Amino acid sequence: MAKTNRNLTKIATYAALVILGTIFTLPFFWLLSTSFKPSSRIQQWPPDILPMQPVRVKIDGQNREVYRAKDGTEVALIERLKGGMARVSPLEDGRAKERIVSADDLESKIRPGLEWSNYTRGLVFIPFFQELRNTLIISLSCVLGTILSCSLVAYGLCKIEWKGRNLLFLILLSTMMLPAQVTMIPVFTIFVRLHWVDTFLPLIVPSFLGSAFFIFLLRQFFMGIPRELSEAAKLDGCSEFAIYRRIVMPLSKPALATVSLFNFLAAWNDFLNPLIYLLDESKYTLSLGLAMFTGQYGNEYGMLMAVSAVFTLPIIVLFFFTQRTFIQGMTMSGIKG
Amino acid sequence: MIRKTKSSATERRNLRNGLLFCSPVIIGLATFTLYPVCASLYYSFCNYPMLKPPVWVGLANYQTLFHDPVFYKSLGNTAYFAALATPLGIITAFFMALLLNQKVKGMAVFRTMFFVPSIVPMVAGVVLWLWLLKSDGGLINTILGALHLPTPGWMSDPAWSKPALILMSLWGVGGWMLIYLAGLQDVPVDLYEAAEIDGASPLQRMLHITIPFLSPHLFFTLIMGFIGAMGYFTQAFVMTSGKGGPVDSTRFFSLYLFQNAFMYWKMGYACAMAWILFILVLLFTLFLFKTSARFVHYGGEK
Amino acid sequence: MRTSRNVRRLLCFILIFSLALCAGCARDRSSGARGAKVVISVWHPWGGSQKERLADVINEFNRAHKDIQVRAVFTPNDLDSNQKFFTSVAADMPPDATFVDGPQVAAWAEQGAIAPLDSFIKASGIKPEDYFAPCWQQNSYRGKVWAMTYCADPNFAFAWNKKVFRECGLDPEKPPTTIEEIDRMNDRITKIDHGRIVRIGIIPWLQFGNANAMFTWGWAYRGSFYDPKTQKVTANDPNAVKALEWMVSYAKKFDVTRINGFAAGFGSRDQNPFYTGQIAMQCLHISQLDDIKQYAPDLDYGLTFLPAPAGGEVHSSWVGGWCLAIPKGSKHPKEAWEFLRWCCRDPKGTQAVGRLQSLLPGYRKSPFIDEVRTKPGYSQFLRIMEQCRHQRPVMPAQSFYMGSLDRAVDYAVYGRMSCREALDESTKETQAELDLRLAGR
């Protein structure tokens, strides 16, 4: 009885995972699929699910696209003529047997295939590697700053009892409640006075000064660490900083890993701040680079999807291999029986 | 319960340590936050077209705001979104975390799949969702149609545009799911076993064990989700080409604020809007803190 | 424990690897400046398929000038371009020159974001007659000139899908020339199968956004939108209302909540339904000539003038396009002016812009104009441009006006308001806004 129940649960679980998983990855799959489509097939209706390539054949030394004619035979398109007509020729026998047919009756012959030019051109269209370097420098520095500063502050807000800590916490939270647009100009002015505009500093330094979101997150995790541990350490004569460094931080690896990941992603995807503070394209980040594929007068969809995929895949892979770190429990023996 | 009384020396030391640990944020607030926040408050009492000096007008902006139908409409849109997206997001992320906590082969792959949307850049995400949500022939409606379910107009239908955006936001709850997943690891397994022996149903186990242990994280996402939802507008802006349509159904508060600040040259008015939002969000957050506090159990603190 | 050590190793490796990878890479495609006298920064919105072409234009300029080099900086004109520009000007860190969207010129001038160019224009001997009239008008405000036209977009050409025409038994070489013909052909073409839309003739308000559609058809119906002499907004003038009523008549032909999925627009992030053959008649922008070659090379379509209602304005159009301006606080106004002059007035410069970016110069005597006369597709746009008489209202509340018209059309199309009410509302709120602006607030 119990076994059947367990099997049913397993099947139900699998089913849910597969269905939901497909829903969640579908858009990314679509991104990948589009990235491998040639421009002429990106705007097809109904759209190709798998990337398709027009079938081509060489006639008279030139690549011609293959179509299916009204009578079902396959022909190569030589040229389009006025009035909706087209000159086509059979696939073999060269151009001797070419004829003129109505273009409306021609159906494009396609086969699944990968268009790599979106990748090769896309990574050159924008200064991808330069922007990657910039983005990595900024993101990794932010992560470092956040880990250092937010853990310290979170510790101070929950492991030490002092007057005014709740007030500080409230003030911190409040900073997230005022829309950024209204403080944008004054903040920019501060950075201008500091001569930090057109450098990475406005993007990095604030993370060394804490961020309400991560402080709050770490605080919640830290509150789950038993007080007995700190009290025992205090009895042994440890300073607060020693407790922080030797007890709380090592136990918080999954929390810190989570914060790192979130912070990295936030910095990686940040668009507005690099846009405002960077005045030189050589300093631009990848999020700005991606914006270069879209314009008022015509977008480069294929390349946008390709570079987005390159932008995204490494993080997915990284996440896949490091997920255990996030999922580990924080507490050690003594609590979990 | 006997409260240990602290000596004033301990109190002073704690105060000093507390301030020391919190010094990064105190410095940060003083340098980069204090002036801009005060400036924006001052601007809210001025006409400030950004490139000309602000001119004091007292409460005029606030008065105009209270008579502005768009102010109320946008606030309504945002409240709708916050009220639905936040709890739905939490519930979705919670169940996803539970689902992903099972001991099932290949779980690493599934977890990655669920997290992918949080990583896909927004530019690409919007293009994809516009396609998915096409009222005629988009994937979602194609599937709904195949199952003989009604196919709403999504972004073309004023009644369905916000639900469409909420749906899109649910797709991105991978981050919260991760937080819950991490939190779930700290729930003592033996408690589950004991409960099962005592005859508790899965639902009871979830209600009385899982949720209390996860409460700090649920609380965190509740607060953050609410604050974020009240400021939501970027995706909506890009999806509707900055219009907030159809018929203003997706004209969120922050969108109207942005329009006033950078399109209508009314930064002072925008600041007034910002401060009203701030007060509303602050009050509601305090309310959430007061009411939810007794539902939140911190494992480490008594 | 071992896992976390490995994870740490992995992360270290990635960090080092990436830094090493990038340390040697400096693939810089941005037009750089090497040992030149003066380097000026120009902020531009030309992304997407125009990005490389603008780089070519900049290279041309740099080659033609030994003492000025241009450093182009891409600033996306979307959610954020206004923010970046205004923030920078407010903090006195503007670029030396900037691109500005045509209809924005008056607002930016009013706010003091850009500087008047009259002294430069006089010194260079430039006359208003050098330009297509609406282009010059778009840049003139309060008796001064604030920008130079970089490209003149005649909006719009009217395109029709010849293949669909053939399928519906319509003569593919005879596009509609009147509104009545559009209506007739639309009824022939539109096919709705059990509520599912298979094909539509035309969706009048989906022409690059509601507001642009309103301008397009409004002027065709001989409506007016703004009287510069009295500074009065006239969106609710009876002809404009008639135009909107025609547009809304289509909302009753099919379910409005289903067809906005067919949205087409500027920099559309969507599938373009005209390219896929789902919409048979559509207004076309000059940039789409290349777009169609790239995304719908098999599309068999034709271009003609905008159809007019009986008694309406024949071959109606209005000019859009981008301009160049010198921001307030520009550190190198003289050199910036040379860039403006070269791109917008110099025979060689305008020819380069036209050739490289496939755009129409505003300078009507540019040698490129003669080349355009023989270019298929572009020649039609040129013919439209030569008869073009309108530009969007040149007044400081233009941005607000666009948003207001957009909503007016929305509310009318969705049946929330009558056309008259919607345009009345628009007129009222825009006038209020305009009065505030003009009062200097």
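Should a chain be cited, it is by its letter among A, B and C, assigned in written order, with residues numbered from 1 in that chain.
One rule holds in what follows: a contact is a pair of C-beta atoms (placed from the backbone, for glycine too) under 8 Å apart; a residue touches a chain by one contact, two chains touch by 3 or more.
Keep in mind that what you see is a predicted model, and the values were worked out from it rather than measured.
Novice: Count the touching C-beta pairs: is A-B or A-C ahead?
Specialist: More contacting C-beta pairs are found at A-B.
Novice: By Cα centroids, which chain is closest to the centre of the whole protein?
Specialist: That would be A.
Novice: Measuring between Cα centroids, which chain is at the maximum distance from chain C?
Specialist: B
Novice: With chain centres taken as the means of their Cα atoms, state the distance from chain B to chain C in Å.
Specialist: Chain centroid spacing, chain B to chain C, equals 35 Å.
Novice: Just give me the whole-number Å value for how far the CA centre of chain A lies from that of chain B.
Specialist: 19
Novice: Calculate how many whole Å lie between the centre of chain A and the centre of chain C, each centre taken as the average of the chain's C-alpha atoms.
Specialist: 30
Novice: By the touch rule stated above, which residues of chain A touch at least two different other chains?
Specialist: 45, 47, 181, 185, 271, 291, 294, 328
Novice: Enumerate the residues of chain B that touch no fewer than two other chains.
Specialist: 50, 127, 131, 137, 262
Novice: Touching at least two other chains at once: which residues of chain C meet that condition?
Specialist: Within chain C, residues 78, 83, 86, 90, 269, 271 contact more than one other chain.
Novice: Can you list the chain B residues touching chain C in their complex?
Specialist: 47, 49-52, 55, 126-127, 130-131, 133-138, 152-158, 160, 234, 237-238, 241-243, 245-248, 259, 262-265
Novice: Going by the contact rule set out above, which residues of chain C touch chain B in the complex?
Specialist: 78-79, 82-83, 86, 89-90, 107, 111-113, 196-197, 209-210, 255-262, 265, 269-271, 328, 397, 399-400, 403, 406-407, 410-411, 414, 416, 433, 437, 441
Novice: For a test of understanding, state which residues of chain A touch chain C in their complex under the given definition.
Specialist: 39-40, 42-45, 47, 80, 83-84, 103-104, 108, 124-130, 132-133, 136-137, 140, 181, 184-185, 188-189, 192, 197, 253, 271-272, 275-276, 279-282, 284, 288, 291-300, 318, 321-322, 324-325, 328
Novice: Touching chain A in the complex: which residues of chain C?
Specialist: 3-4, 7, 10-11, 14-15, 18-19, 21-23, 25-30, 41, 45-52, 71-78, 80, 83-84, 86-88, 90-93, 95, 162-163, 166-167, 172-173, 266-269, 271-273, 275-278, 285, 287-288, 290-291, 294-298, 300
Novice: Taking the touch rule as given, give the residues of chain B at its contact with chain A in the complex, in rising order.
Specialist: Answer in residue numbers: 6, 11, 14-15, 17-29, 31-33, 35-37, 39-40, 43, 50, 96, 99-100, 102, 104, 108-125, 127-129, 131-132, 137, 139, 171, 174-175, 178-179, 181-183, 185-186, 188-190, 216-217, 219-220, 223-224, 227, 230-231, 254, 257-258, 261-262, 267, 270-271, 274-275, 277-278, 281-282, 285-286, 298-302.
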